[in-house]
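You will see subunit A twice below: alongside subunit B first, and alongside subunit C after that.
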Partner chain A sequence: MNRFSYARPGSVAEAVREVAAPASKVLAGGTNLVDLMKYNVERPAHLVDVTRLPGLKAIEETGEGGLRIGALVTNTALAYDPRVQERYPLLSSTILAGATAQLRNAATTGGNLLQRTRCYYFYDAATPCNKRVPGSGCPAIGGVNRIHAILGTSEQCIATHPSDMAVAMAALEAVIRVSGPGGERDIPIAEFHRLPGDTPERDTNLGADEIIVSVELPAPRFATNYTYLKLRDRLSYAFALVSVAAALDMDGGTVREARIALGGVAHKPWRVPEAEALLKGVVPERGAFSLVADRILEGAQGFGGNSFKIDLAHRAILRALSQAAAGTPQSQTDKRIQ
Partner chain B sequence: MADLDLPSRQGFAPDAALPTGLPGEIPLTITINGERRDLHVRPWTTLLDLLREDLHLYGTKKGCDHGQCGACTVLVDGQRINSCLSLAVSRDGCEVTTIEGLAAPDGALHPMQQAFIEHDAFQCGYCTPGQICSAVGLVKEGHAHSAEEIREGMSGNLCRCGAYTNIVDAIGDMLAQETSQEAAK
Partner chain C sequence: MHETHFGSPRSRVDGPLKVTGAAPYAGEFTAPDLAHGYVVSSAIAKGRITRIDTKDALAVPGVVQVFTHENRPRTAFRSNAYQDEVAPPGKPFRALYDETIVYSGQPVALVVAEDFEIARYAASLVRVTYEAEAHETDLEKVQAKAYVPPVKRQGISPPPKPRGDSEAAFGASPVTVEAGYRIAVEHHNPMEPHATTVVWEGDERITVHDKIQGAQNSQSYITAVFGLPQKDVRVVSPFIGGAFGSGLRPQYQLFLAVMAALELKRSVRVVLTRDQMFTMGYRPDGLQNVALGANQDATLQSIRHDLIANTSTFEDYQEATVNWSAMLYHCDNVTTTHKLAKTDLYTPADMRAPGAPTGLFAMESAMDELAHKLGVDPVTLRLRNYADIDESTNKYHTSKELRAAYQLGAERFGWSKRNPKPRSMKEGRELIGWGMASGAWEAQMAQTSARATLTADGRLEVACATADVGTGTYTILTQIAADALGLPMEKVTTKLGDSSLPKSPVEGGSWTAASAGSAVELACHKVRETLFKSARGLDHSPLANADIERVTFHGERIALVSDSSRFVTLADALKAAGVEKIEAEETASPSKLTQMRYNSFTHSAVFVEVRVDEELGQVRVTRIVDAVAAGRIINPKTARSQIMGGVVFGIGMALHEESMPDHNLGRFMNHNLAEYHVPVNADVHDIEVIFVEEHDTLTSPLGVKGLGEIGIVGTAAAIANAVFHATGKRIRELPITIDKVIGTAEAA
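Coming up: the complex of A and B.
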């Protein structure tokens, strides 16, 4: 690990000033940042420990019937919060599908959104990587790419965003509140993470002088017909090869509104609102789901090792929508897929 | 800030090549196994390295050092975490319990330690301190009620000897005891 200076600000305003220092990084739970520092992938000159910032560890009601989640709420505290379990069970289930109890106890809501890809080449400082060293190349293209993206890739980068939590938040249309020198601003989660394009070194649209202060969930609508289906190489503690968060707002026997977000397939949680619209007013059944899956996966491209993901994602979307329509969400303990 | 040559830090190799402007040691007050310690640490010291290298508490093991194996699991403010992924300075004011702190002051083993012995829940023993700390955390969390839920809740602790079956039995035994004690109240 490289040497760095250390600050432990006592207020958000002070933290914002500290992160403006060159090559600074924010430390919260540390579960990803400390790991990356040990690999010399992250080499901050200045570490801003935000763990003591007041007011960021609470989950509060918003005026609009939603919940505001402080950036420092741990993944465990969020997943087991009774309000989240009752009103946003998709989010609770999705968080519990990720990582391990030890990691969830330390990892925070803000940090989860800002975690970096687990691309093998990004993690190996001995290899080129456009995300780590812009312009150095992408060995995953033409290399080992079983875990890589099939949607929204560029010639510069085919990495995926590894978060489970962010996939549910994408489906629920969460809004991320950030604080910077000019005050606070809100970023809808769909605009928070970026596609790699020609700047794969930038994962998100968070400014270098901004920190996340909270994540707001709109009023709940998807507490009955939902599921998070996560497919991976082992049954626990593995990142998704493909995951699907599906949520249906039902009006009797037909769909009023559908939300479908995919994890493990792109540089950000993948949503296609036009595909979701195909289910509006429709009786939820397999034929309709197949058209939706076709539309979501339009333009999907495999790179050899990950080409299997296209068919896998198609089937996962069908299965997840069936689970959501039946009101039988995937258990995150009993991994058998019904 | 002056570098302090505390007796507890004799194992620390000073980094002579530290660039100027970087901090020396930062004060840290931390309670470890019930004992309050006033220490000074460099900010890049992990909680795991503090425990092992500075405080000579070798019970907590360094396996992968990347949060993947769980051998370094300790309880911080009652919650199990990977001490290898936690910088010690960020735990200022916290209470840490390691495997050395689970037994009673008279040496009587913690019931989870006893359950691991009775169920032969280890072979080489390297992962065992992390397994036991993790299992104590799991029981305290109260979310596991079946063998399946124990396996899921313990997925952050690897055992290369493959003692998983007996580890699950040992924890299951503890959970059953907790449940019967609750019922008796």
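Coming up: the complex of A and C.
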């Protein structure tokens, strides 16, 4: 862990000024950043502790029937908020599929969106990694890549984004409100995280001088037919090999609108709106789901250790859509898959 | 002997200390002048350091010194000084010895600073330039160069001589199976990382707190390597936060901490990080092949089990892996082989039941395949080929209640309701599989000494240098001592983990209960004799005409067996003795005569239910019954915990644990507990432990065999067999992960 200066601003405006300092990092729950600092992966010169900022710990109603979640709302507070449980059960369930109770108590909404990949090489400062040291190479390609991406990869990086929460938020089309020197702006979640391309060192489109202040959920529509199905190397406390957030807005026996977001397969929560559109007006059954899965996974590429994910993702999409259609969401406590 | 505590469930005597945080571990001891060391690890697997630049690190305020191969103090020249009690043949690794790199993660520098964070930061500023050479860490690539180790490792039986002609018998067998098996490399990953705190006592004397399974092993290592007299080095390690074998050998942080302390003449602590826990020993990689031949009546005609295991370039690590296949069943034609191949990795290390779960995963999977092919029940196949003696060495068993274990385990599990057909049992979406396997592990006794001291206040202290690695040794020794003198457990204190205490080998091999337990009992009996003499000598003693065989020590009294109303209290006997304390030190040794005629093993029969979501490849282990035959059980409560812990370890081996090597970099990559998966609560369901009654008068005077390892043996095989029964898929490489379940075709 390197030496750093530390600031604890008292207002969002002050925090924005602090993060403008070179090589600064925002510290909230610290569940990821502090680990990375110990591993000498993150070497911030300046830490901006936002945990005391006023007004960012509330969950409030928006004018449009949605909810605005403060950036400092913990994963636990969000998952167990009665309004979230009732109106956005997909989000609640998804959060509870992640990490452990202890971590969820500390992790925040904003921090969760900004957590970094679990790529083995990114975490090991003794190895090359284009995300950690641009231009140094990607040993995951041709190396150990069991947990790596199959979609949207580049020759520079095949890392995945590890968040569960962000996958549900992608399906729900959340909007992220950020604050910078020029004031606030909204970033739809689909545009928040980036694909690695030639700049794998950049995970998101958040400006270096911006901080997340809240996440807004649009008016609820998917509180009945939804599921979050997470497949991993043990039954709890492991990052997803493949996860699927599925939500169906039903019109009697047919689908009015479908939302499907995948976790563990790409550098960002993976959505393919054209695939979702295939379900519009359709009776939900496995044949249709299979076409959707094919479309979502078009262009998927394995790298040896993770090649099984293509098949697994296909199977997971089918099962998740079946669960959503049946209105039997995956339990996050009983590990038997419905 | 009146047994109040022996055989009864007792809570751990060290429990309150542990749950309140009062039990001190190696990295928690401190001293006013304590400096902190942080290890810099090699980034390459093979080659040499051409330059090591410590200037920036040394410039950080608070840094005391940076040790490298260029400035390290001189230590013993001869490599055999670095041997330890359980070292395999070869030249032990020597940290900072020279510029040569022999494995990735090898320590190349130690930064010592006034504060841990300063040391860690400065360590990131040490710049090492390497000249890399081509390395090979892939066992498959070096298997052609496999060799039979020329020097056998002490204490490890090499594969027994072949008996009969397995090749001809295999050819003549009407029913055969043959396949290759492999388990992933596993690292021990105890909760407590390896750590050493060296307290500088002045005058070249040190007290060392080391994470070690035998304080005297570290002590003799330090004295040999640093040329110190034994009286100046005391190793005190009262508590170990799990080790599973990783603490048998002194690890490099011990060397580094002692080196720094002696050089700086001050106290030094070195704690390894979790990722550095992947830069030491591990359960080896191994390519196994098993071929079985049988007659239609399910009698085994031929067994062949071959293994090529990896070792380092500098030591020939050996463990008993294939031997189990030669002793477990009656068969006239048996060949087992064990070869090694050198890889540019660190030397493997003993890890819970070293060799047994590995070898028996292969053998017991093969037996399951054979049962399926023969169309006989897996338990029936094992009973039909039951071995009454150890045919691999032609010795009797001291006791062997494996038959009862099969029967009791099967009964409790409900095995008779099993439909033998794979894929025949289903509930909802899940396929249900029932599988079983046998387990075996050595029941040994090793020469061990203990001291018992009864003081005038009626309190007893027993002491032995062995370690309690979390298994319950403090508790069982307290029980044995309390019974020997008729005391409540509260009046007995057990002291362990200190090199100044009576001599003991490392805690390992499941021998501690039998060995230290016997030594404690012997010492206590010596105290008993003195007490009894004193009691008999009292004026008008009710025991005046009794001999020691005719009295019991119970309820703090010495009473006649025939009439418990005639007694002398311990207090009176002590007073009569007129001494401050009665002390005795005794040594318990195994009987050489018994060892010539008998072998001793613990056995188990493991029954497992799995539920498999086949479409998604998810396996859940919903039920395990482990029937264990292990002689007398001292404490059913700690014993059950021991076996459950072993079973959970077996679940990990079967489904989760895997150290993933990057052969391009020659390095294990998933070196943290987020990516190296061990079972969590959600992975562990019902585990029932049954102790089969087994009378054994030969293994140890206590009739005890030891339980540290038998719980893991057989578990992984039983799970793999259950997965086959559920799905019809035979997965021969562990761990059984989602990709293997969905990617394996059903067996023909």
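As a working rule, the second predicted complex is superposed on the first by the 338 of 338 C-alpha atoms of A that agree within 3 Å, B and C clash if a C-alpha of one lies under 4 Å from a C-alpha of the other, contacts with A are read in each partner's own complex, and residues count from 1 in each chain.
As a working rule, a residue touches a chain if its C-beta (ideal position, glycine included) is under 8 Å from a C-beta of that chain, and two chains touch if they have at least 3 such contacts.
What you see is a predicted model, and the numbers here were worked out from it, not measured in a lab.
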| item | value |
| --- | --- |
| Touching partner for A:Arg3 - first (subunit B), second (subunit C), both, neither | both |
| Touched partner set for A:Asp311, first subunit B, second subunit C, both or neither | second |
| Touching partner for A:Ala101 - first (subunit B), second (subunit C), both, neither | first |
| Touched partner set for A:Ser236, first subunit B, second subunit C, both or neither | both |
| Which of subunit B and subunit C A:Pro139 touches, first, second, both or neither | second |
| Subunit A: partner with more touched residues, subunit B or subunit C | C |
| Set of subunit A residues, in rising order, touched by both subunit B and subunit C | 1-3, 38, 236-237 |
| Complex interface listing, subunit B residues touching subunit A | 15, 18-19, 21-23, 26, 43-44, 46, 65-67, 70, 73, 79-82, 84-87, 89-90, 92, 134, 137-138, 141, 143, 146, 148-149, 151-156 |
| Subunit C to subunit A touching residues, read off their complex | 41-43, 117, 120-121, 124, 273, 275, 428-430, 611, 613, 615-618, 620, 655-656, 660-662, 664-665, 667, 669-672, 674-675, 677, 679-683, 737-739, 742-743 |
| Subunit A residues touching subunit B - in the complex, by the definition given at the top | 1-6, 8, 27, 30-31, 34-35, 37-38, 47, 49, 51, 76, 80, 99-103, 105-106, 236-237, 332-334 |
| Contact footprint of subunit C on subunit A as seen in their complex | 1-3, 38-40, 118, 120-121, 123-127, 139, 142-144, 146-147, 231, 233-239, 241, 308, 311-312, 315-316, 318-319, 335-338 |
